[in-house]
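Listed next: structures, encoded as C-alpha cells.
First subunit A sits with subunit B, and in the next complex the same chain sits with subunit C.
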Partner chain A sequence: MRIDRTHRAWLIASLIIFGVATAIYVVYAASSPAGPSGGSAIGLAFGIAGSLCMIFAGLLAARKKVPVWRLGRAQTWMRGHLWLGLLSLPLILFHGEFRFGGPLTSVLMVLLIVVVVSGIFGAALQHYMPPVMTTRIPMETIFEQIDRVRAQLLAEADEMVESACGPLNFQDTATATIATTDTLPLCNFYRRDVRPFLHRSRAQNPALSNRVKAAGIFEGLRTLLPATLHDIVKNLEDICEEERQLRRQTRYHHWLHGWLMLHVPLSLALLLLGCAHAIMALRY
Partner chain B sequence: MSAGSLVELTIDGRKVSVPAGTTIFDAARIHDIGIPTLCHQQNEKPVGVCRVCVVDVGTRVYTASCIRPVEPGMVVNTAADGVKRARHTLIELLMSDHPSPCARERQSGDCELEALAKREQITAVRYAPRATRRGPDDSSMSIAVDFDACILCDRCIRGCSDIRENFVLGRMGKGATTGIAFDDNEPMGESSCVSCGECMVSCPTGALTNKVVTQTAIARTPDSEPVSLAELQELPFFGGVSGTFLSLNRNAVVRRHFKPGEVICREGEYGSTAFYMLEGQAKVSIASPMAHVKTKGAVRNFLGKLSSKLTQRQNDHREEETSQHWIHIDAPMDLSYDNPVAMLGPGDLFGEMTCMSLYPRSATVRAETACTAFEMLRNVLDIMQRNKTFRAKLDQSYRQRALDSHLRAVPVFAELTDQFIAGLRERVELLRFTPGQVICRQGEAADSFYLVRIGFVKVSQTHAGGEMVLAYLSRGEYFGETALLEDTVRSATCTALDHVEVVRISAEDFASMTRQFPGVRQKLEQVGRERVQMNHETLVMINSTPLDSFLKQGLMEAQSLLLLDLNACTRCDACVTACADAHDGVTRLVREGLRFDHYLVATSCRQCLDPLCMVGCPVGSIRRRNSLEVIIEDWCIGCGLCAENCPYGNINMHPFNVFTDVPGMPGQKKAMVKQKATSCDLCSDFAEPSCVYACPHDAAHRVNPRTFFANLLKQGAGTTLES
Partner chain C sequence: MARAKLTTKKLAQRIDLGYFKHPHPFRRLRFILSVALPVIALLWLGWYALARNDRIYSGGRMSASHAVLSARCSTCHVAQAGAFSARASDQGCDTCHDAPVHHANQMFTPTCAACHTEHRGHPRLAVTADISCTECHANLHTSGAATHFVSDITRFNGGHPEFAALRPGSVDPGTIKLNHAIHLKHNLRGPNGPVQLDCDDCHRTVRPESRWRFGSSDAHDQPVNLNLRAIPPSMDAGRAYMSPVTYAKHCAACHGLQFDPRFQEGAPHDTPEVIRAFLVQKFQQYIPGHPAELRVTDLNRNLPQQPIPSAVRVLTEQQWVMLRVAESEELLYRKTCAQCHALLFVANAPWPIVAKSDITQRWFQHAVFNHDTHKLLKCVECHSGALTSQETADVLLPGIQTCEKCHRGGREAAESRCFECHTYHDWNREKGVKGSFPLSASSRDN
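On to the complex of A and B.
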C-alpha cells in the first residue's frame, strides 16, 4: 500500500494518540514515587490499549479470509493495521516501562519489536516496489503463470530456430540435423547460450542475464548471419528479454511478499504469547 | 398511384387485381396463368432479353411480360395466335444454335429451352446454325462451360453480380459474336471465379453444368430417408429450381420420421440444418430454467463463501428488467415467458437462423405425434426461400400466426388493438436481407418503420472520424421510428449483420398507427429521445477525448472498467479471491490485460458500447439495460455463444444443477446440469464490487473510462499502451 496523502487522517490521529499517551506516561512516571508500573491502573490501561491495537492489526488476516463480507473496506482495515500496529509499540513500551522484564515479557518485547520493524520494512517495500515493478517489468504476468509462460517461450524459441535450422533434437544431438553454413552460427548460439538460458540450466551464459551485454551478443550474432535470419534473431532477443523480466518479476515478488514469512508467524506468536502473558499476569 | 393500391386488369379474359407495380408476368403467375420464359427467374431482376414471355396488350408490338408493369384496365392476351407464332419462332431460332441434347438435358433432363421446344413440337429447325462455334471451356474444376448452349439470357450474369456480388461474369463481343465471359474473357478456371455455383444454378440450359466433383450431403440417421431427384422436382417449392442444382444437392435434403416424444432438435446445440414440417405436430419449448444467476447476499456460516444461485423473476425483480413477456425463438412464433411452449404443424419452417447463420438452436423441438419433416442444409433452404410461391406461403403463415404476438411482444406496441393488427396484417411487407446488405442508409428519406423478425441488424452512424456502432438489434427490436416521427431523414445506417428478415411497415401505416394510438406515439418518442441522447453522449465522449492510441485498444468502447493502479497494487490477488468468493468460487476477473500508464485494465466485463456479445444470441437473452449495462435475462439457454463472441473473454459459463421434467413421464423429474452465462455483475447486491471492496491497497477501481482517462490525459499521463 502506498503511504501517501490519503493517510493524513490516520497519521494525525496516530500522532495525537501517541502524544496524549506520551504526555500521560510522562506525567504518570513523574508522579509515581516508585516509578511507573505495568501493573498499575495506567500501566494496565497502556497494556490493554496496546493489546487492542495489536489485536486489531492481527484481525486483518481474518478480515482477508472473508473478503466479501461488508465489514468495512479492506483498505480501511489495512490503514488501521499499519497505524494502530505501529502505535502498539510505544503503548506497550509505556506499559512495560521501557523494560523487558521476565523471560516471557522479554520474548514478547523482542517479538513486538521484530514484528513492528518487519511490518515497517514490508510497508516500505509495498510502497516503493510496485512502481518499480510497473516500470521495470512491462511484460509482467500473473505470478502463478510464470512457469507456464516460460515453457511457452522455450517452445516458441525452439520452434523458431528449428524453422530456420531444421529439426534440432535437443535430447539426442546425434539425430539432430546438421545446419547449413548460413544457419550454423544461429544453431550453435541457440544450443550453447539461449536454450540453456531459457531452460534455466546450470551451464548458462551469465551475459544473457544482462540486457546490455545480451544486446551486444545479439548484435554480434547478426553480423554472422544473412539478413533473412535477422527477424529470428530479433525474436530470440525479445524472448530473452521476456525471460529476464520474468526472472526479475519472480525476484521482486519474493521480496514483496517474502517478508510476510517472518511477519505473519511472529505476529501470531506475539498475539498468542500476549494472551498467555495477560492470563498469567491477571491470574498470578 | 401509391405502391400499395390495387390495379384491375384482364388476363386471358379473367378479371384480376394485383398491387400496382406488379409485372404482367407476376400478375399472371399469381392467378395461375403460366407464361413461358427463359431469361426470367423469380429471384432475379427481370431484363426481358429472351422475349419468349411476350404477350399482346393491344399495342403496336408485343411486350415482354416480365418487365412490363400492369396498368389499370389493361387487357392482356398471353395465348393469342400471333403471340404463339412469335414465341414459336423465337424458340426455333434459339434451338437452331443449341447443341441438342445439351449437357443439362443429358444430366438431369430439364433443359428449359429443350423443354419449351418439345412443348412447341419443334423437332426440326428450319434455320441454319451459327457458322462459328466457340466450343466448351473445361478449365474449371467444378463447372463445365459449353458456350454453344448459351442463349444469352443473362441469368448467370445477374446471379453472379446481383445475387452473389462476385462480378466475374459479363457479356463480351457484339452482334452475332456476343457471348458471356469470365473477367476479361479468361478461361473460367483461370478467372477470379470462386465456384459458388450461382451461375450454374441460374443457367436454363446446358451452358453451365456441374462436374459432380463433390456432393453436399446431410448426415444420415436411421430415421432419415433420401429424397430422389424426381421426387424433389415434383415438390411445389422446388418448382423452377434448376435440375442441375437439385441433382447436385439431392443429398442435402432428407425426409426424417420422428416418433412421438423424440427430440427433433435441442436448445443450445449447434447445427447447420433447418426443418420443414410435412406431417404431424411437434412441441417447441425452452427447457432452460426461467431464472437468472444471482449471488446470494447472505452467508451461511463464518467461513462460508457467497454462492451464485438461479433466481426466478418473482423472487428477484431486477431494476429496469425488461417487461418482456415473449421469448423470441428461431421459429414462426414466439414463446410466452410464463409458459414457453408452442406447437408446430405441417407447413412450418424452423431452424432458419441455425441453418443460415449457424447460430445455436434457440429451443427444443420434440415430436408430439408421429412427425415427418424435411431436414435440409443451407443451400437447399436458400434455394427454397427464393421460390416466391414458397416464400408467400411462409410469409402468410407468419402474418396469420406470429405477426400478432411479434408486435405485441414489443412493449411499445402492447396497446395495439386486434382490429388494427388485423388491418396491418396484409399490408406489412416481409423483407429479407443478406449479410452486409444495407437496409436503410443515413441521410436517406424515411419511408418505413422496421421490426426485426430474424437475424441481427447493426445500427451505425458515419462521422468524420469513421463509423460508430450505436446498437445491435435482434428479433423483436425495431428501427426507423425516429425519422418518421420527426419527419426527417434517417439518422443512422442499418445493415444486416447476417441473414436478416424484417417486417416493413410503410410510413402511411405507421402514421395511422401513431394517430390512432397516441400512447404508442408517446412511448416511441420517449424511446427515440433516449436513443438520441445516448448517441449524442457517445459522440461527445469520443470527440472530446484525445486518445488515439487509447481508442485503438478499444478502451473507449467500455463504459465501466476495472482498473488496477499498478503503483499501489502489491499483486496480492485479493481482488481475484474476493471475486471468486462472491461467485461460487469462479472468478469473473483475471488480473491481466492492457496497460495504460500505470493502470492495468483487468479482464472483467467492460459493459462495451459495441457489445459484440449480443450478436447471435439465439433467444435474445443478453441485452442492455437502459443504462447501457449488459444484462443476461432469465431465459438464457446456456449455449455459450456470447462467451465465444466476447473479444475480451469476460463472459463465463456457470453450471447449475437443476431438475427437469422427464419426457413422457408426467410428474417425474431428473437432475441435470444446465449452463447459464455470467459476466461481472458489479456485485449488484452490494454497494461496491467485491474486488474493489476487498482490495487492501486502494489499487482496484471501477471507473467510467470517458472521464477517468480524459482527466488522466489532461494531467499528462502516459500516451502509450502495452498489452
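On to the complex of A and C.
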C-alpha cells in the first residue's frame, strides 16, 4: 500500500493522539512522587490504549480471512493497521515508563519494538518497491508461478536450439547429435552458458546475469552464426532477459514480503504474551 | 523463426490457474513460524507455571537491599485467601521494616511504595524523588497547630532557606571561652615548645586509631552522644559526626590545672566537689611528711620604713590543709578555670557555679551531615570563619551557599536532592525488628 494523501486523516489523528498522550505523560511523570508507574490509573490507561491499538492491528489478519464480510474497506483496515500499530509503541512505552522491566515485560517490549520496526520497514518497502518493480520487471508474473514459468522458458529454449542443432539430449551428451559447423557455436554456447543459466535458478553466470554484458555476448555470437540463425539468437536473448527479470522479481519479492516472516509470527507471540501480562498484572 | 509475441493471453496461459490451492513454500514457512512462535511463547509461560515460578512476571530487578528476595515474590506479594490479587502492600513492608512516622501532625501518610518504588533496578530505595518531600513542604500545612518550619521549600538550590543556625539572631550557645583565631596562630606555646595547631588536632570524627595530639594520655574517644532523630540506621554516626570536644582529649596537654607548686599533678577536670575532695586528700597526704611547713610566718607590713618583724605561727595539720586548699581553689577558680569556663561566684557559697559548657554536638537537628564523606576537603574551605573567629558565640557553620558550590544539581555535581540530607522517618522512634528469614531466603519460593 502506498502511503499517500489518503493517509492524511489517519496521520493527523495519530499525531493528535500522540501529542495528547505525550502531554499527559509528561505532566503525570513530573507530578508523581515515585515516578510514573504502569500500575497507576494513568499508566494502566496507556497500557489499555496501547493494547487496543495492537489488537486492532492484529485483527487485520483475521479481516483478510473473511474478505467477503462487510466489515469496512480493506484499505481502511490497512491504514488503521499502519497508524494504530505505530501509535501502540509510544503508548506502551508510556505505560512501561520507558523501562523494559522484568523478563516477560522485557520480551514484550523487544517484541513490540521488532514488530513495529519491521512494520515500518515493510510499509516503506510496500510504498517504494511496487513502482520500481513495474519499471524494472515488465515481465512480472505471479510469484508462486515463477518456477513454472521458468520451466516453460527452458523448454522453449531447448526446443528452439534443437530445431537448429538437432536433438541435443542434454541428459546424455554422449548420444547427442554432433552439430554442423554452422550451428556449432550456437550449440556450444547454449550447452555451456545459456542452459545452465535457465535450468538452475541459483546458477551464477556473471555475463548472462547482466543485461549489458549479455547483449555483448549475444552480439558476438551472431557474428559467428549465419543470418538464418540470428532469430534464434534473438529469442534466446529475450528468454535470458525474462529469466533475469524473474530472478529480480524473486529477489524483490523476498524483500517485499520477507519482513512478514518476522512481523506476523512475532505479532502473534506479542498478542499472546500480552494477554498473559495483562492477566498477571491483575495479580501483582 | 521469430519468437511468438507474449500477449496477455499467452502470459496468462503460462499460469496454473489452481496455483493458489497449493501454498508456496514461502507462505508455508510463514504459517509454520506463525504457529511455532506463539507455541514457543506458550511453552515458555507453561514451563514457569509448572515450576510455580512467577519471576517472569516481575516488573523489574529488585533494589540492592531486596535483591535476596528476588525469588520470593510471596514475601511482599501476600495473597489473601480466596483472592486472585496479591499486590504488595505496606503490610508486607512492615513485616521486616519498622519505618517510624514522619511527623505527628502530617496531613497524610503516604504508602511505602509512594516514595520507595521497587522493581526499578538496583538503586537504593532511600533515594527518593524531591517531589515526595515537596508534595507537602512546598506548601506546608499540618493537621495540628501552625508549623514553625519554613513552609515553602521547593528544592535545595534556590528553594531552600538558610540553615536555621545561621539565620539572624542565632548564636553558638556554648559557654566555653574559645578564641579560634588565637588557637590557630603560628608558634603557639605548646607543652613541649611552639606548635602550630591544626583543625584536626581538636576536631575529628571518631576513629578507632584516633590519638589526640594535645590530650592527656588516658583520654579515650567516647561514643558520640547525638540526638538520633533523622539519622538513618544505616549511617555510621561515629564517622559522620565530630568527636565531642573534651578537656581531656583536646586541652589537657597545654592547659594544665596546676594548683600548688608542691605538686606536679594537676587538679582533676571535674566538679568543684570532686576538686575539693581531691585537694583535701592531696594536702592531707602531704603534710605528715613535711611537718616543718606547719610553722607559718606572718609578715607585719604596717611599718614600711622599719625592719619587718615576723610572727611565727604553728598551725595544726587540719588548719594547714584548709589554708592550702583555700589558696589552691582561689588560684583555680579565679584564674585557671575562669580562663575557659564561665563561673558565677555567689556570696557565701563554698565554690562558684560553673556554667554548663553546652557545646553543640549536632547543629542540623533535622538533617544529617557526614564529615567522613567530606574529608577530602580542607576544613577551612567550609569553615572559613574559624580563622578569624574570636568569640564563642560565633557560629562557624558554612552557609547554604557553600554547600551549593558542590550540591548544585546536575550530572557533574554532588547530589542535591532532599534525601541527601533529610530522612523522612523519625528514627528516634524506631522499634526493633526481629529477624525471621532463614539463610535459604534466596531460594525459590513463590
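In this section, the second predicted complex is superposed on the first by the 279 of 284 C-alpha atoms of A that agree within 3 Å, B and C clash if a C-alpha of one lies under 4 Å from a C-alpha of the other, contacts with A are read in each partner's own complex, and residues count from 1 in each chain.
Here is the rule we go by: a contact is a pair of C-beta atoms (placed from the backbone, for glycine too) under 8 Å apart; a residue touches a chain by one contact, two chains touch by 3 or more.
These numbers were taken from a predicted model, which means no experiment stands behind them.
*Asks:* Output check: A:R70 vs subunit B and subunit C. Expected answer is one of first, second, both, neither. What do you get?
*Replies:* first
*Asks:* Comparing subunit C with subunit B, which touches more residues belonging to subunit A?
*Replies:* If we count touched residues of subunit A for both partners, the winner is C.
*Asks:* Looking at the overlay, does A:P131 come into contact with subunit B only (first), subunit C only (second), both, or neither?
*Replies:* A:P131 contacts subunit B only, not subunit C.
*Asks:* For A:M160 in the superposed arrangement: first (subunit B), second (subunit C), both or neither?
*Replies:* Only subunit C is touched by A:M160; subunit B is not.
*Asks:* Once the shared chain is lined up, is A:A276 touching subunit B (first), subunit C (second), both, or neither of them?
*Replies:* In the superposed model, A:A276 contacts subunit C only, not subunit B.
*Asks:* A:I142 contacts which: subunit B (first), subunit C (second), both, neither?
*Replies:* After superposing on A, A:I142 lies in contact with both subunit B and subunit C.
*Asks:* Name the residues of subunit A shared by its contacts with subunit B and its contacts with subunit C.
*Replies:* 141-143, 253, 257
*Asks:* Please output the residues of subunit C touching subunit A within their complex, sorted ascending.
*Replies:* Residues in contact with subunit A: 1-3, 6, 11, 14-16, 19-20, 24, 26, 29-30, 33-34, 36-38, 40-42, 45, 54-61, 73, 77, 84-88, 110, 113-117, 119-120, 128-129, 131-132, 135.
*Asks:* Which of the residues in subunit B come into contact with subunit A in the complex?
*Replies:* 299, 302-303, 305-306, 566-572, 574, 577-578, 581-582, 590-592, 595, 598, 683, 686-688, 690, 693-698, 722
*Asks:* Which of the residues in subunit A end up touching subunit C in this complex?
*Replies:* 30-35, 37-39, 99-105, 139, 141-145, 148-149, 152, 156, 160, 163, 231-232, 234-235, 238-239, 253, 257, 260-261, 264-266, 268-269, 272-273, 276-277, 280-284
*Asks:* Looking at the complex, which residues from subunit A come into contact with subunit B?
*Replies:* 1-2, 6, 60, 64-70, 73-75, 77-78, 126, 129-131, 133-134, 138, 141-143, 253, 256-257
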